[in-house]
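The two complexes that follow have chain A in common; it is paired with chain B in the first and with chain C in the second.
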Partner chain A sequence: MKDDARSEMRRYAIGAVLSAALTLLAFWAVMSHGMARSTALWIVGAAALAQIVVQMRCFLHVGSSSKREDLHLILFSLVLGTLMVGGTIWIMSSLHDRMY
Partner chain B sequence: MSSSAHPGINLGGGDPKAQRESETPAFGFWVFLMSDLIIFGVLFAHYVVMTGARAGGPGPSTLFDLRSVAAQTFLLLASSFTYGMASLALKHQRQVRPVAIWLIVTAALGAAFVLLELRDFVNMVGEGGPPQRSGFLSALWALTGLHWLHVTAGLVWIATMLALLSRFGLSDRNKTRLLLLGLYWHFLDLIWIGILSVVYLGGLA
Partner chain C sequence: MADPIFGRLDWTVTPFDDFFRDPSINEGVAAAAASAVPLGAVAVIAFLTWKGLWGPLWRDWLTSADHKKIGIMYFVLAGVMMLRGVLEGAVMRTHQVTALDGGVLSAEHFAQLFSTHGTIMIFFVATPLITGLMNYVVPLQIGARDVAFPVLNQISLGLTAAGAGLVMISLVIGKFGTGGWTMYPPYTGTTFSPGPGVDYWVWAIGISGIGSTLAGINIAVTIYKKRSPGMKFLRMPIFTWTSLCTAIMMIYAFPALTVSTAMLALDRSLDFRFFTNDLGGNMMQYANIFWMFGHPEVYIVVLPAYGVFSEIAATFSAKRIYSYNSMVIATSAIAVISFTVWLHHFFTMGQGASVNAAFGIATMIIAVPTGVKVYNWMATMFRGRVRLSVPIIYLVGFFFLFVFGGLTGVILANPTIDYQVHNSQFLVAHFHNVLIPGVLFGVLAGVHYWFPKAFGFRLHEGPARLEAYLWFGGFSLAFLPLYWLGLMGMPRRSASYDNPAFEPAMWLAVVGAAMVVGALGVAIWNFWASARDREALACPVGDPWDGRTLEWSIPSPPPEYNFYALPRVNTVDAWTVEKAVGHPYEMAPRYTDIEMPRSTAMGVVIGGASAAMGFAITWWIWWLAALSFAVIVAALIARAFVRETTRTIKAVEVEVAHRAFLREASRTPAVGRDDEIAPDNLGHARPAVPA
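Now for the complex of A and B:
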């Protein structure tokens, strides 16, 4: 039981430290001058994705030991969200390009 | 317990009855969280489409204050971590006191976040950026405002949770409520990562 508590404590600590580091990386990319805008945006996007994965693992404990229903639910919602967000941005930016 | 359980911290072998009773509510709560995710996702898409629709109004460089945003980010991250400590106290110490103390710390950090962002909202109106000013501003207020309301609702939930804890102690139902509140609180930090990256850092890059 004691070991269990310690390893879980370590997991939260690792999650917090990694999240803080990724946040700092994203802020650094935007605030350091002399970086191309697209490079900064790529760094911010990659850091955000990485931090979401870290927090899903370390704080929400989503992983291979989770129930299959839950994983299906999460994956299905992510697919739906990606379709709606990606589709919206794609269609609207294409429309925008054709208007001007 | 068996190797398959709902995502989120599990009470585990030390408390199998409370763990079993939390399974169905936890699944239902994940359904709510994922539908909430879809709402936020569509608001993100809306915001990205609207970024150019300034109508001559102020843009990110006049409206956003990166230092305040950084403070908010670390407050919310810290509060997510301290909620984790409350979950561990629930699982391993199984006493009301440490759980309540971590909840109060979490609520204090969350309240600081809410107040800082409220100050930013007031400043934005002062800079000529109320929600009705442009399409960009409507989208911005809808997205950040909904997240702000979620955190505020979370604070009300934590206050309710403390009252329930003092009334009923660590009953099985209260344990379930604490697990669900934890999922909610960690989820709000996930949404904030998106807002930070897309709205604030993306807008100022």
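Now for the complex of A and C:
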């Protein structure tokens, strides 16, 4: 019991520190001058993806030994994420092509 | 510059001083509407004080974490908002018959009316109605004692009520935005809408949207984790299936709304440039993100209505639902496909033809699963012993009207046609045609169906039938002529028009709107009259319709812990099978102690603080915004230290209560379906046919 609580606590602490670090990394990429725009965008994107993994792992306790429900959740999120992000990129680039 | 204490609030913000300066009909309507809010509030406060109801209201309702009470409170909230929404619709229609070359209301006032009407109807009527229905019914149908997170449930309700409160306050203090229910920038940016109106919308929607996301999480987890023993997924009632799909859709759709309103809020309050015309803003991205929520939302509100119709078709035809599996597949298909069609709300925004074609085809495809369902409902009724009572009247009305509305949707899904009729009255006809016969008829049928479960007495059948027919006729008159108006070229959101040919249809529409107001009046009267005659309408044994699912096996109203002993389920329509071949109304082999959530004020505190925060930001009262936010954070932290969150009900107590109920059930004569609406129907059903 006691040990459980302790490892639980450690997990949250690690998660909090990592999340904060990844957020700061994104801010740094944007606010430090002299970095190429595309490099900064890639860094922000990568930090965001890493942030998702950290929060899943440390806060939502999703791991290799998880249940079927967790798998449902992740797969469905992937499908919808792909639809929303992919759709947006398609729509916006079409608008971009036709409007400039 | 804003005042440090009162922000941009001062004494000129109410409509009353405008009325004194300029006593026209236009200002009179605004002042009358603005007086209704404080007068209504005072009336409620006086009534509660006179009857000494403050204590019970606080103890038994506002702080209760019981999913049944929270569901009912969602309904009360939605009912109050619906009263306002429908009256606004009627005011707009009345204005429009006078609007040939002018009209009694100013264009600005008309714009506020359609903006608040649309906002209220979608976010504070349709959404809370279905959330309340799921809240009430789902735990009962799956044999659970409560939802998975009872306190979170309370907080969801609090956040929704906070949003609704902000919209109500905007009637009296300041003005609501005029950008329609979607509030598209750049018109709603600070350049073109500097006043507080759009901020009211942003915070009302931002706050209540978070509440809806949380409600979705709660219901989905409840269905995943709290089903009673033996209830596999494919044994769940169809209403629970539609609720599961709706809840999952809420989890994924509402965050898009939160994001788009948050970005608009950043633009407005902190001078960001997401959606501005200049400096790199892109207002088309707003439409894109908003409708990523907006389209799923229409299926979020209609899927539970489909679920209600499924329960009703089976129960009132005394047959099991036709093709259960295809119902489940169709529901799940809708849930996924509805995330692939959002662009049909902006076909004319300028993207290329291939994009439009793809989304147009996806839109047409989504009509297929709904078509499957309509055939299934009809096949369920086919050769059943159909009782033509209120829920079936709504269902048949839905067949006619909803199919029509759905077909006009398929017409609109063709981008080339949409280019002609978008933003016209054709569209207004279409979406009311799916929202009213779909969502509203479904919820009204569901209210009639589950009301006896919730309160222990039925509603009078006669007035309820009159109400149903008034809704059917009123809707048809108020909206079907608009298809024609749209094809004639009348734009939506028109405060006035110059073509006299539009006038006759406008007259038809106002008659229809009056009938709908009449329907609402009959509904209110019927609640009151049925409560007055509750002795004659009582059905304490709890099964007045010869129901098929678990919620009909328990008394009406149910005990706070719902089930004396958790039922074991080994088929769909478990209660029907139990009545036909099993042992209904028997003692359980053993009883256990039951843990129920304790009451807490979390919902009230967080809801109240959120409303204060939204109000403060709208009026630039920064100290109050910071203070309210601090209260929210502090309340969440304080809650984490509360250790006694549940209270135990002793097994013996449960056993005694169950024995008393069974004695009452065995004393009560069973009635057949011919006497369903007679006073003899005390809720003990004589099963009509085996399974």
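As a convention for this text, the second predicted complex is superposed on the first by the 92 of 100 C-alpha atoms of A that agree within 3 Å, B and C clash if a C-alpha of one lies under 4 Å from a C-alpha of the other, contacts with A are read in each partner's own complex, and residues count from 1 in each chain.
Criterion: a contact is a pair of C-beta atoms (placed from the backbone, for glycine too) under 8 Å apart; a residue touches a chain by one contact, two chains touch by 3 or more.
All values derive from a computational prediction rather than experimental measurement.
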| item | value |
| --- | --- |
| Which superposed partner A:Arg37 touches (first chain B, second chain C, both, neither) | first |
| Touched partner set for A:Met9, first chain B, second chain C, both or neither | first |
| Touched partner set for A:Arg98, first chain B, second chain C, both or neither | second |
| First (chain B), second (chain C), both or neither touched by A:Ile52 | first |
| Broader residue contact with chain A after superposition on the shared chain, chain B or chain C | B |
| Touching partner for A:Asp70 - first (chain B), second (chain C), both, neither | first |
| First (chain B), second (chain C), both or neither touched by A:Met84 | both |
| Intersection of the chain A residues that touch chain B with those that touch chain C | 69, 76-77, 80, 84, 88, 92 |
| Of all residues in chain A, those that touch chain C in their complex | 69, 76-77, 79-80, 83-84, 87-88, 90-92, 94-95, 97-99 |
| For the chain A and chain B complex, residues of the former touching the latter | 1, 4-5, 8-9, 12-13, 15-16, 19-20, 23, 26-27, 29-31, 37, 40-41, 44-45, 47-48, 51-52, 55-56, 59-63, 65-71, 73-74, 76-77, 80-81, 84-85, 88-89, 92-93, 96 |
| Contact footprint of chain A on chain C as seen in their complex | 224, 248, 252, 256, 282, 284-285, 288-289, 292, 336, 339-340, 342-343, 349-352, 354-355 |
| Chain B residues within the chain A interface of the complex | 3-10, 12, 14, 27, 30-31, 34-35, 37-38, 41-42, 44-46, 48-49, 52, 66, 70, 73-74, 77-78, 80-81, 84-85, 88, 91-92, 183, 186-187, 189-190, 193-194, 196-197, 201-202, 204-205 |
